[in-house]
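Going in written order, the chains are labelled A, B, C and D, and every chain counts its residues from 1.
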């Protein structure tokens, strides 16, 4: 760790929370240079849905590199690029009756978001984009502009205009699916009021489940209504499925159960399968209006990632077996989290999320952070999220087996117990 | 190519100019699916300074992946990350008496630029960034804001504020090193005039050689004076060495001969050695003021790229042999380009650039594009640049041998001859 | 009217709705060149609270001009300026225990708003200003930025950033004073959520009664809570009392009953008494932080207006008699409007506003416009407001006597009857 | 003065430089409350081209007010408004073969500028406006956005985007009319370079003589070429003649000798004749595209100002006598200023301006301010301008007689002598 501290910028973050040097990794475990192993409930912030160093993909990647197949190709045509395009259409889009053009916008989540925002503004000729409270879309200025977190926004050092934030489903703990408050009533009222200051937006950008924002899952009815409002008002709907997509919620896209029909879909993180940088933007054919090169970037042709991505689709998405397992284990996770919460009735908390993207919001200052620290001490890697880091969240690899899942949850339970114990004085006050 | 046309977005560009499917690649050659080989004078837009699939790096990457070493690690500490940090300091920074903290800002050029802009604004508390005519810094909104190209800027679909463009060295063909016009006189006059509208900038961002902007190379005296002006006015100097760095001009950084001392340096493209996405931002220690996680991103830990990057440093930069070869071959390129230009005295033209980043500006509409088309027909891959695509440019791998270089230049010469022939009617008018 | 049509820009508006040429005016009547007289329920859009050509002020103005006293003085000290400053302090501020510095920001409403926005941003070092749905603050870009009306906003031709709109009291017809919905719950939730996208605002700008926005009157409890929220979050509170101030609601400031304590207060329109351009910005001493000349303008010294303004204060505000009359007549107006509304039970409507700033919202397309047309035909000048021009509003001079008031209201009633008659087909559908 | 200090905001400026209370005024003299008289070489910052309290206008204004003619009329048709429209067309526009629609945009200079900027953006659908170094156009955010002065710009407290500043004629002391440097070469190069960062501007806004910016007068050839560039590139040309118009330079419009044909012309200050707030925007008929009310404002119908404005046109502009006198006296001013400058050869200085808008730039720190202080002590009111307040400027009423002019210039000469004396130590260093 000396080298990191000496040479790396102060901006580094995870190496502070997990202050060891990692060396090896396999499926849901990590090993540090001292030989300690850790269960990974973080999965590269959702970039490792298929676990670390999956054997099937690894074999394909090694074979590809070994054979001197082209590695870096900008956006030139390559065999690996073609294979991915074909597989994605055949395995993902066609069975879902989805028709989209595929854009390679640069290999990161923020880049696919930037490309979708640009295109939505271009095809509408309008400027304002509607985003939601607690949204997180990326760190480059376009994506940061639609990100709610104030700490991140201030990092821009300049104003981030042409965005209007509206309340996400579940704002202030009130949920549309419980009939408590439909935040879309507010959005629709603003759209219908010619003096609301909102104007006619170009686009709405939404995460079906907000990861960084605190594992907030919108209801399917809310997503469906949002889609209908967008259609009624000729607003482009962008779904940012960078973290929640690629199976994390138990379906390939996180919005499938809502039956919606977005104009643009942003995918990154696990799309590359093996953790190598890759991103795509799905564009409805009628909006595929960029001029050649209007949005470009050097690393649009990371062929080893295409190879792994294609292998991931072939291995896991030809049928529903894999996704079904995720949904079933997801229910198990919910059950366990609710039990953990119930064990500490004096801690104001709620269980949030869907599938393999769940967490417990712990409304005691510093408690969620303490849980992750205690977990790390016990060999479990997990993180917090939410504007006040108030959610202890789980993003395990989808390839985790039942044994690993239970082991991880057991550790999490112990960590929560220990953290609650250490915060006893505060909790007294809260309860 | 059918698959590409059918499934990929209209934004694709290079697959239009080079309409074949590439499969294999080695050093400076590419092979398509029909077995045709091409000499590569484009080198992944400067991301492949060490050629395709370099054997030394390949061995290291394969060994790393084979051994189930960690692939994707966010910004956690890993062995591969540490090795890169150590090697970069030892091999690059220390011998040049440079002291910088290293930031991993996300694995693309636009991302390192965004991080430097944010940090310059943060440490100064100011907003305006000065950029130069013909600058190109990236496609996400922060980097696009300091990019001059109007076609790209319009893609933003919104205003890109807080930037002032000033003339780059050589504007309108007048060069400071020939005593013709020092564009920095203008910049300094604006800074010294409290009513110029410029205000007190946070930063200047500059490419020592502008690649996309038309292979414009600033003189060393101009760069030195720019650095002095920045220091005198407490303005942070950001050097974007994404394309011109990593040896392309014959030194590791493209500004070494100027003896300047930037506050931030942006590197990407060839820093990863093997064409895998990677970027770093070098930050003077006194400005290393990001809070942890203030700028982040998923793919800050692309470990196979770290492995290749380290191998590249070890292989090519332990001594000056490699760089010296680049400088010598660079002079040969200049000589050949000047001869080509001289062959067509009725074509208004000039030879531009430095080292392995050179080109001929051809001031006849469509002529440069015709050159690249003719070159491709003859088995040479090269591209145009400049605001009107008026420069036929060369970015060969630095690992190219003399034979390959001559073969490529011979083809280029034939391509130019053919293109001039085909544009004879226009050229008559121009001359 | 030929001259107007031939020479004046298409931007003219009121000369379209009232297509006669006005010549003479006295108190609440206007006379056109054909000798027709009109009752004025518009009062120069609230700039003529003391009626047209008030005799006391007229005498003072004539005497001032006759005596070659200085007319135009920029912001130099003059006798007339001093007299106004003294009178305003003595008659308005001191009796209300208010301590404010007085700024002359240029002689229009938009100018006082711009000055307050600038100063709020300066003293906080922050940028975002919170404004409300249906707000109207002016047409220059700073004031337009905090104006909700989309038709007006689009006129800017550029983005109007650094503003967040939140719902005004009574949004969607739900009122806080009836316990239906407190829109400030929403505002407070956004402030307390570090990822709401709102950040820490510099200021809130609010009209206690929204005139152009549709005669929406906030409850006193809502205003009080707004003030408290601002204080709790260190946000500057700007009250725009340009239209509702100077007695229009029955107290000099429209917010007096709320017991609030704004940091800045914007006054214009009737502050000049006689309809001559004038504006002031009241600034709490601790925020009086402009440098000399930091906001300036040529017409900050319109001395005839100062003379009339002083006379108005002397004549009408030495005791409560005048204001009491406004409050009493205001109740009469409410009563009459409610009766009118009740006469047409099949027209969805509501009576809005306070004092001499009231109206009927008529939720039938085009009906309110028809009312004003019918009123004009019958010799009554009144206007619509609201985002869809859906409110037939009254802004009579406060100096109107009971007879004039009743006569005007009688005409309005007839006009409403006639308009409802003409819209019978639509109303059938609505009811 | 106690009252001013006690009650008025710290933003006040001229009452600091001229710390007396003014009471009476006639033509070119002011009288304070102690009976001291002053020669006025400031003329309300150019709003009193016809002097203080002109008898002909005064009679008309008194008669108008006395007769209870309508004072405040928003933008309704009135007799006074019609008379002005007719007179302006007949006396000003038609004899010059100019065809413009007249807009009343609110009664201040900043308001006419805002209206022209809006309209230029609307009719082009573009955003960027080109302004010039040292430009001054007003204090509201739209006009401030095209103002160069950094102290004023910072007052906005937010970014002022969508503007590009280019060098005005005479930047760095080099003048196009002396063949030294044509700054429009730079502008044209930026327009013709698709990567200059400038894009396609909506408009250029220019003052033919920059008042606040330092009494910089563009050459007629430069203005003519600017007009041609705008036409060639389909850019709207806005002339801000707020200070230099209404005869100040010896013709009604300051650009008449250039033979240009602006799309929009902004007039305020002296257009109202008597110093009462008024402004108009002249709009070429083909660009008269505002929707009714798209830009509005309360004080668009200041009828006493219309009456005085009409009287001013009738009195002074029916023939060339008045203007000719201005031009002749202007030459006398130039002669005297040059003599004054020549008296102090060790003071780096230059005489600037045209007609009754001239000054001496004194390149010694604080010297110009000292001149105005010494002048005030001797009974002459004059001001400085320029980014560093380095120009001692004269803006006398155009109605000044030869005696008054000479008396004023004599005092100025004495003041300069005294100021130079007091700065002897600095001047030694400078020379």
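Keep this in mind: a residue touches a chain if its C-beta (ideal position, glycine included) is under 8 Å from a C-beta of that chain, and two chains touch if they have at least 3 such contacts.
Going by UniProt, the chains are A, B, C, D = Diaminobutyrate--2-oxoglutarate transaminase.
Worth saying up front: this structure is predicted, and the values here are computed from it rather than measured.
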Chains touching both subunit A and subunit B, listed by label: C, D
Centroid-based (C-alpha) most distant chain relative to subunit A: D
Chain centre separation (subunit C, subunit D; CA means) in Å: 32
Euclidean distance of C-alpha centroids - subunit A vs subunit D, Å: 58
Separation of subunit A from subunit C, taking each centre as the mean of its C-alpha atoms, in whole Å: 48
Interface hub residues of subunit C, defined as touching at least two other chains: 127, 151, 158-159, 161-162
Partner subunit A, residues of subunit D touching it in the complex: 158-159
Subunit A residues touching subunit C - in the complex, by the definition given at the top: 127, 131, 133-136, 147-151, 153-154, 159, 161-165, 167, 171-172, 185-186, 189-190, 193-200, 213-214, 386-388
Subunit B residues within the subunit A interface of the complex: 1, 3-4, 7-16, 18-26, 30, 33, 44-48, 52-53, 58, 61-62, 65-79, 81-82, 85-86, 88-89, 101-111, 114-115, 117-118, 120-122, 127, 138-143, 145, 151-152, 155-159, 161-162, 202, 268-269, 274-277, 281, 283, 288-299, 302, 304
